[in-house]
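One chain, chain A, links the two complexes that follow: it is found with chain B in the first and with chain C in the second.
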Partner chain A sequence: MQLSNMEYDKMVKKYSPGSSLFKDCVWAFVVGGAICTLGQALIGLYGYWGADKLTAATLTSVSLVFLSALLTGLSLYDKIANRAGAGTLVPITGFANAVVSPALEFKSEGMVLGLGAKLFVISGPVIVYGVSAAVIYGVIYYLMGLVA
Partner chain B sequence: MEYLKSFVVGGLLCVIGQILVDKTKLTPARILVGFVVVGVALGALGLYQPLADFAGAGATVPLSGFGNLLAKGTKEAVDSQGLLGALTGPLTAGAAGITAAMFFGLLVALIFKPKDKA
Partner chain C sequence: MIKKIGQRTLAMESAPTLIQWASVAGKREMEGPLSQEFDFVTGDTSFGEKTWEKAESAIQKKAVALALEKAGLQNSDIDYVFAGDLLNQCIASSFGLREFGIPLIGLYGACSTMAESLSLASIFAASGCADRCAAVASSHFCTAERQFRLPLEYGGQRTPTAQWTATAGGCVVVAAPGQGNGPRVRHVTIGKIVDLGVTDANNMGAAMAPAAADTIKAYLEDTGTAPTDYQLILTGDLGQVGSSILYDLLALDQIDIAPVHNDCGLLLYDRQSQDVKAGGSGCGCSAAVLCSLILGKFARGELDNILFIATGALLSTTSSAQGESVPGIAHLVHISADRDQPTGKPAARKGGK
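The block that comes next holds the complex of A and B.
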């Protein structure tokens, strides 16, 4: 069967699941919301066990990162992500997934330049730009304190 | 009630991400970077903390909340250490999350075998 590029595009659109923006957004909303609700439940749990507010929030981040790393290892996270899109990308679990996924995939290229380096393929830029933005804020905040 | 608030706010932040995925050519990596940097900026302007106070995990679990955490930690470090705090604050605030991701990432990558992407 011969298809022009346009016809092919049409077919791809028709048969790719969840291709409509609205459907994608509903999935992202529900799954992303659910992950955040799980986070809220964990904050409550750690608080109940006697952690102060900051510690409870930190333990929650660590727990979610652990859970996401594990699910990525079991190749379940990517399955959920296929449907949930940004619902699994935007929460901190998406960050953890972005650390584990390339590390696992490039393990065969060696422990140092494979696993070790690829761990940072996506998380590296996130850390570099996030931390640098915070450094700039810190300098501005310091200078404002001098003037005031 | 606090569960509903975190569900709705967290869900909405993900919808913003989804619109960026569908309507722009931004890669997931760029979207993650964007969320963190915007979170730092909103945190620096004092705009993110009210959302975090309102929505709890709905605002802190998305990566923008991680950015806010970096900004908050930097402010506190500058308050106690002066200019040096601008360098020590960000990673100190993000230490648990970043280290957990690195360490668990290493463990999982060592233990599990990569599967073919379906």
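The block that comes next holds the complex of A and C.
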């Protein structure tokens, strides 16, 4: 058996099925769309109850995060996500799941070294690079303001 | 006596005996096709313990206790136990077996551990180092997920090439030649590390297939035998992807094992209904399949000559994060029926001292 890594890679590709792009896209569209529709409905509902636009949006985010955390705790979020993929990952619910799931998982190592230390193990990079990108964007925005 | 033949195969001229065995399995395994074959199954994934690691230790403990009970042996009748699992510092083994008081040799061979432990136990028993040894391996889906991948409740998707870590374990009691009845270990071939540059940690079958091909080829050359000389060539956990690749790899050397090949990762679950993607994996996968269906078939006289090749992917989360490829390893154990018996029939499953 004399096989280069490149030749082997070809063999591996031949037998490694890819994900079904169409099916995954449909699932992501339907579930992600449903979450966004729910969000829109909540904004409307909070507005109807008298909240101004900004407050209604904030309350909607809080509600979706709560729902996601609840479904994560009930072991349902991962089951939906198994089908929905990016549909449950991209909305704010995905971020909530990324924080709650390590909290549940690592509480067995205690509140400090377990839950506390591992809480942001998945969402940490998102926060780090999200904040960094915002800072860079802010600096560019400021400099452009000086030029203009 | 043990004799080295060919390049790296050890022939057990007086063959050690697998006098008894036991398997333990969890919920998803219980829902699979081998449900009736296991000695102990539970729908409680935590095995009544507070943490997943303790649950996996409970699997090891149960597997060893059951094997000893079935063999009618005490802890003190076992000279050495060879045990391993997938966890950092092999804690499932050390905590699961700490109360047994049996001298322990801890092993890490990733998912090849059952063949590694069985090989070493057989060598010890055949060489006169021990009268009886136990070989154990376990894995647990939840401990593996949290160590190697993501929290259980995290909403991620598994790729079609991914495999499902078995929540299971198995233990075999190996006795020195002439002590008890049961299937015999005739040959052992220790695997080399083979790495053909697979970097996808979600395609373990592809990472391990070259190691399996290398060990099988070496064994067949060393012993001058052909695949058709065996009723079954059973790989550990290559799954669907790895098994297909294995056929192609061996075909390059004009070796065709497909007619007699099966894989523990394909036997443990029903891939159509159980969403395990490419099949099962984990040390417990090959351990539990060997210690239930396979040795059970030996006891019932339905099998009498097989090759058992457990395959392991020697990666860690650190090596993967550093961009390293996934090295594979595969150890082979040749098991055949107790032909020294006057009837020529396989030994009854009772076993004995």
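In this text, the second predicted complex is superposed on the first by the 129 of 148 C-alpha atoms of A that agree within 3 Å, B and C clash if a C-alpha of one lies under 4 Å from a C-alpha of the other, contacts with A are read in each partner's own complex, and residues count from 1 in each chain.
Assume contacts are C-beta pairs under 8 Å (C-beta built on N, C-alpha and C of every residue); 3 or more make two chains touch, one makes a residue touch a chain.
Predicted model, so just to flag it, every value in this text is computed and none were measured.
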Looking at A:104 after the superposition, I want to know if it touches chain B, chain C, both of them or none. Which is it: first, second, both, neither?
both
For A:122 in the superposed arrangement: first (chain B), second (chain C), both or neither?
both
Taking the superposition on A as described, I'd like to know which of chain B and chain C A:60 touches: first, second, both or neither.
first
Regarding the shared-chain residue A:40, is it in contact with chain B (first), chain C (second), both, or neither?
first
Residues of chain A contacting chain B in one complex and chain C in the other:
24, 72-73, 75, 78, 85, 89, 94, 98, 100, 104-105, 108, 122
Flag every residue of chain A that touches chain B in the complex, lowest number first.
21, 24-25, 27-43, 57-58, 60-62, 64-66, 69-70, 72-75, 78-79, 85-87, 89-96, 98-100, 103-105, 107-108, 115, 119, 121-123, 125-127, 129-131, 133-135, 137-142, 145
Seen from chain A, its contact residues with chain C in the complex are 1, 3, 5, 8-9, 11-12, 14-19, 24, 72-73, 75, 77-78, 80-82, 84-85, 88-89, 94, 97-98, 100-102, 104-106, 108, 122
Please name which positions on chain C make contact with chain A in the complex.
50-52, 146, 150-161, 196-198, 203, 206, 210, 213-214, 217, 241, 244-245, 248-250, 252-253, 275
Interface residues, chain B side, partner chain A - complex
2-3, 6-23, 28-29, 31-33, 35-37, 39-41, 43-44, 55-58, 60-67, 70-71, 73-75, 77-78, 82-83, 85-87, 89-91, 93-94, 96-98, 100-102, 104-115, 117-118
